[in-house]
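To keep things clear, I will list the structure first and then write my remarks on it.
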Amino acid sequence: MTVFFVVIGFIIYFLPHINPFTFNSYPSKLEPTSEHWLGTTSMGQDVLWLLIEAIHNSLLIGLIVATIGTVAGVFIGLLAGFSGGWLDRVLTVVTDTFIVIPSLPILILMTSFMKGTSTVFIMALVLAMFAWAWPSRQIRSMALSMRERDFIHTAWFSGEGTVQVVVTEILPYALTWSLSNFMNATLAAIASESSLAVLGLSPGNLISLGNMIQWARDRNAIFTKQWFWIGSPIVATAVMFIGLFLLITGYNDYLSRKRGR
Amino acid sequence: KGPKNTTTGTETAQTTEKAEAVTDTETGAETETKAEAEPAPSGETTEVGTPRNETLIVECQSPTDTPGQFNSYMQGTTMGFGIHQLMSAMMWEIDTVKGEQFGEVADGMPESNADFTEHTVKIRQGIKWSDGEDLTAGDVVFTVNMIMTNPGITQNAYYNQVFKSVEKVDDYTVKFVTKESFPRLAQRFGVTIWGNDLRIVPEHIYSKQADVTQFKDSAPVVAGPYTVKAYDELGKWVLYERREDWKNSTIGVVTGKEPKAKYVWFRNLGDDTTRQMSLINNEVDILCEVTPEMLEVMTAQNPNIACWYKGFPYATSDDPCSKGLAFSMGKGAPFDNKDFRWGIALAMNFDEISQNIFNGVGRASPFPMLTNTSACQELYVKPLLPWLKDFSLDLGDGTTVKPFDDGYAERIAGVLRDKGYDIPTDHDALIDMFGVGCWKYDPAAAEKLFIKAGLEKKMTAGILMVNLSHST
Amino acid sequence: MSEKLLEIKKASKFFRIGGMLSKKKLTAVDDVSFDIDAGKPVILSIVGESGCGKSTLCKMILRLHDPDQGDIVLNGRSYKDHKGYDPFRFRLDVQPIFQNPYEAFSMRKTVDTYLFNTALRLKIAKSYKEAEKLVDETLKSVGMSFEVIKGKYPAQFSGGELQRVSIARALITRPKLIIADEPVAAIDASMKMNIVNLFKELKDKYNVSFIYVTHDLSTAYYVSDYIATLYRGCLIEYGQAKEIMDDPSHPYTELLMNAVPRVGEKWNQELVMPDTEDKEYAITYCKFAPRCPYATEECRKSRPEMKVAVNGRKVLCFHPLNEKEGS
Amino acid sequence: MIKIDHLSTSYTTIDGPVHVINDVDFEIYDNEIFGIAGESGCGKTTLLKALYDILDFPLVVDSGKLILSGEKNGQAFSFETGQIRNTWWNHISYVPQAAQSVLNPIVPVKKQFLDSIPKANITKEPKAITMKRISNYLEELSLSPDLLNAYPFQLSGGMRQRVIIALATFMSPNVVLADEPTTALDVVVQRGILMMLMSLQKQLKNTMVIVSHDMGVHYQITDRMGIMYSGSMVELGKTEDIFEKPIHPYTRMLVGALPRVGDKSQKTGIPGRPPALTNPPPGCRFAPRCPKTAEECKKSVPKFREVEKGRFAACHLLNRGECRCQKNYSK
Amino acid sequence: MKFRKYFGLRFLTYLLTVWIGITFIFFIPRMFPSDPVENMIGQIQSRSGQMDPAQMDALRSQLRVQFGLEGSLLTQYGTFLWNGLLHFNFGPSLMSYPTPVGQIIGMYLPYTLFLSLTTTVIAWIIGNIIGLLAGFRKNKISSKILEGVAICIYPVPYFIIALVLQIVFAFVLGWFPIQATINTQGNFAVLFASLLKASILPAFAMLLVGTGWWIISMKSLAGTTSEEDFVLFARYRGLPEGTIGTAYVFRNSILTQVTALAMSLGGVFGGSIMTEIVFGYPGVGSLVQKAILMSDYNMILGCITISIVAISTATLIVDLIYPFIDPRIRYS
């Protein structure tokens, strides 16, 4: 099941490269035909290509956010957990703060100020600001508990320096956790972007799943019964979420089974 | 179009503050739509507890941030939430179809001296405030002086700039003395398109306030036909009730007709989806700003929904509000540069904008400064056509371009016919429907103009991207 | 006396226990002193019940904990001398072996990386070739070989095999001292003897001293030259292994010896069981007094002094058993 | 009495079945302490699980069965595989390995005692009386009744182990199974617990099965014992006989390798390692490590048979008469 | 004594967290090129026509004083810390000038609390019960179906669920008003009745989404706990499944969920934005959104400060009461 969704998610992810996205290129409001599988929009866009592009962009945002968030989180978490002392305390308080700050209002705040000028990347950066705190906290506690493990001592007595211990001993353990966190963060980022889009705060020229739903809503697709236009991004979002979610669950199951051995 | 049309109940058309509408091209064609006051079961009540069949529910496009605040001279008061339409007393009103002003509080147009520095205005007799006091010249004089003596009122500076003095001659006569020749007193201080700042307030209430800029006036005493019955503390609705003595209100005195609805409930509805659903389900009677597409959908689901015309273009094009992009030239570079502005004008594909935003409804006009009502088109635009056709722009590289494009009407008619609309073929009818034409879509020329305006060309392809920062 | 390899001078370590909610202090190692001569390699066993501070003491020697009081001197260099501390040299001199061999290596790395790291990073070998030779040689001395372990992950070894790899790793630097904290506790009975025999063998072959921590008294008896008994963080008895175990002078050592389930000799007498443990850490008089069958008033009033006999045997008791017999 | 009748079990894994118990066939009598010894992974816990009827996935019975029979409160009973679980904690109880973590960490000991009393027994008497009985019982075992109000984490490992033993014996079961009850405890505590088990058995006159890999423990407390190697029982008999006259070479090496206080003579461990259970060698599983391996050993599995009365072993050497029955340790 | 020290430490981190958070949100809006004064001037200008530059400057500085935006960033910050953080006085709202921010938030907060707090708690309870069943009785068909439903609903973005509910129940079936109207003018009974009517649909949407998450997390917790030694041992002791489920699995798993609940209670503020927008329900969430669109600094600061304080306080309280629900922390 999981594999099935992964295949969908990633095959679609690689497809958009053959897609030239053009505005007003087809007659508008077509029903699904063999040429336009999902019909066209009120603006004369092919829904299928729009959808593919949207999935691509949403995934891209999700992945960028998850990458930045996870990398920053792992780095800060390791730093805090391994350095100890005042640096740890400072980092911990900052991390806690970011966990406590309500992210959606701040996201709205930042995106509304940048509306018009933001790009996919800036959007992702903004979202990433709130994606690192949680992993950082987890990784820190992981690092803290690992610091006392015997194999860390063995590594040190084998001549490894602190940096090397962190990189070759602790990181591999943190990575498995991070991977599942990474997928979670991807989900969260896509969801946040969709929320912002529905509030009308996503960059106007960004074709994302959220924006696509928002456009369709704006263009009254619900009442003109353009079900494919409004429905396809919704279904895609839901399917992608469920797929990713199952992937996480599957991965975690796999991990625990592996640990159980 | 005036606020007082509520007299006829079902013909009401609401407008939003045009000043804001200008900033956003997405607000769509302004097609006012209403559900025919359906004979609602008499037992049914609205959510605010009034009988549904005596309540007119009007949409207001945004909630107010200042609930319970009805003093128009206090900062932040939302006039569009019924204050303007139902309660305000203006000096002069306008009939937008004829383009003629007439007196409301004033009894007729001002009489000015030869150099237009002294203006005598008669005040209508018989208008009473809702608490029974007479509205007299004293109230008018008090209002203007209040504005001029209170720096906290935003219009203060302007009024001081215009007026030397405003005095009461007798109970129903006021003399305005302006600092300079000021022939347009009625236009500037009466209603032309949307309301004006001069809303007469009752002296016997406002003179008692220590600071009128901080006076919320939550239970206002008004000269208009409705008073506030209840309002939402959260700013999402206001309920108005017809005055018992509506005959003594401005409307009663001016027209003698009774406003039909006993209650008027202004409420905010949220996004387009919600608005449509509400209108279809009879949860609202009047919607503002509806796209033709929305209208088609709604009429299909509820046959009682109607607007100006049964078929295309649904809305009258004689709406006195223009839609488009406006730039403040005072905002500084690059908008103060003529070539830059021309560049933007030529970079925009009007056909697409019109199709995508208004479904082709509306009259195109090359001139932004005047609303292209049919009167304006006949009087102003058509006579300028020969000049327009000859007009050419210097592109800065030695070439010129003639920016006027008179083919718009025929083109859009073609597109609309393809979509299945019944569009007349007669050229004059088309010009009346779609206007004489617009500026050309000419990216190449636009590019040259931008370069002329001092912009650097960074893009290689023919697509030009310009970040438009809107200003009011 | 001759030069010392390791001197532990009145070392103490305190822990705050009970998380943030409490300020309870626990003296895990309480004023412990002993030393190991530099000249002749020895195996020194540290025995005692669980939680008596054995591991903490080892960690202090390994510099994983700093002593809160007292000092440790290795090769004449004090641990307090932070400027003179050379982590590089230190790792050449002292190496650890941990209790659970599976814990001592990361599950995600092949075990040979640790061996090569030790050889190359600590600059024992100059090239990979040389390191390989060294590693193989060392592995052979513990009965394994590079061929066997190459590219394998810890999970692919049995506990005994992995413990040997762990020992081999510690031996690569040819240290002077190996700290083995319960090296056989997680190893099967059938394998245990192989490991302790290896210690004996390596001691002479590589001239390396061992600190062997265990609560398995029979193996301690079997391998050690010296023995130190800890009770609740205190060193209560120290001396030649055979001497102490055959004839304990501290009542606790005696109790310990009696509790060993010996084969061939069934238990008969009853035994006093310990009560709630952490209370005893806070006792200001003799910590063993509450459980001691021979305790007197004196024992319940103050702490006994360490008594040192001529042959270096030490005991922390007011009334050592063999003394009492003698008098 | 427990009769184990040619029992074979295996674990189902992705790599195929792991045959852990192979044709084990013996009896555990009433009123005795029976010991099971063997190195790690040889199947001691698995055998105990089978005895306790914890035959849940992935552990499956391949063949054979178990019968638990006896008499309690004057009533005779007999349960077979699959029925034994209905009488858990009543006729038979089990102290699992790693007993340090088997108590609910956030519930006081008292509650866990009350929980474990089968519903049928508890309704008949008021709670106060039950509590009284429990604290009396603890006192009998020289445990302080204050323990009842403590949470498990407040107790030391040894104390927890004793509480669990008290819990397991409170209903006076006919059989108590204890898996490594003293591993990870220090010798003094270990001795306390073993003494407790012994006195309990004397008092209840029931059957106790003790699993341990410490031969010393077996010597001290068990009456009879079985030695397991790689999933099979290789030797069984009176504990003293096993130590004095070991038959199987594995037992012999095991006993011979035991270090002893007061004995500094050179001992050697057993070289090699036990075979993988997924793919065991044909023939005797100890053959690869056995100093006396013959061709026969590599081919056929020796039968577990009675060598002399009450003495069982599985070794081909027995056929060759090479079994050296002599005192194996010096005193 | 000991507790006081622990409390002191914990309180210190609490203050630090709040301070850092607030500082962060103080500076963020001020770093962006959007100015409430200019916005206001724009509005005034568009209403009353041209203004000469001198007058515009006068108005500008007058507005700055009124809005509390005069002085350097640092002095503004100082005033803000003093007034806002210590006295909870965030000054007048810029969009509803001169009504104080506190008063407006005070008006909206009860609605948010009424809806979000109750739904969060109810979702938590329902989710935990279902999650426990799903995790503890893993092999029952019913628990698998429930879990499957949770997995399918949980990941669907909230606004989609909200929209679907709105269309189905309000538009098609007409059971509820499409846009909630809360009758603030009537007596309490009227207010409450209209409030109830307005909140059922949003509450249902929030419950659907919220419950899903709790089911999933509780399921995995209960699943892990079910495999713990002490649960196995409880089985071996022949305890009835019911006792094991409640006294063993549930009690041990719920501890983690309590902390999670505290964190999500804080989220009540941000998380309700979508509900409020889709259903037109009044609340702090949409207030924040509007404040942001109108660059109402004071309002933004006020709302987010309250939210930060609320989340921190919730976690603080949980940390402080945690020892009382988990004996391990109380006694060790």
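So that you can tell them apart, the chains are marked A, B, C, D and E in the order they are listed, and the count of residues begins at 1 in each.
Just so it is clear, contacts are C-beta pairs under 8 Å (C-beta built on N, C-alpha and C of every residue); 3 or more make two chains touch, one makes a residue touch a chain.
Bear in mind that the values here come from a model prediction, so they are computed numbers and not experimental data.
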| item | value |
| --- | --- |
| Labels of chains that are neighbours to chain B and to chain E | A |
| Contact distance in steps, from chain C to chain D | 1 |
| Result of counting contacting C-beta pairs for A-E and A-B, higher pair | A-E |
| Chain located farthest away, centre of chain C as origin (C-alpha) | B |
| Chain A and chain E, separation of their C-alpha mean positions in angstrom | 22 |
| Chain centre separation (chain A, chain C; CA means) in Å | 51 |
| Length of the line joining the C-alpha centres of chain C and chain E, rounded to whole Å | 55 |
| Per-residue multi-chain contacts in chain B, two or more chains | 271, 273 |
| Residues of chain E touching at least two other chains | 163, 167, 277, 332 |
| List of chain A residues in touch with chain E within their complex | 93-94, 96-97, 99-106, 108-110, 112-114, 187, 191, 194-195, 198-199, 210, 213, 217, 222, 234, 237-238, 241-242, 244-246, 249, 252 |
| Contacting residues of chain E [partner chain D, same complex] | 228-230, 232-234, 236-240, 243, 247-248, 251-252, 255, 326-328, 331-332 |
| Contact footprint of chain B on chain E as seen in their complex | 40, 42-49, 51-52, 55, 58-59, 62, 93, 95-99, 107-108, 111, 163, 166-167, 170-171, 174, 177-179, 181-186, 190, 194, 277-278, 280, 282, 290, 294 |
| Chain D contact footprint on chain C (complex, rising order) | 48-50, 158-161, 188-197, 215, 217-219, 221-222, 242, 245-246, 255-267, 270-271, 273-274, 276-277 |
| Chain A contact footprint on chain B (complex, rising order) | 26, 271-273, 276, 291, 293-294, 296-298, 301, 352, 356, 467, 469 |
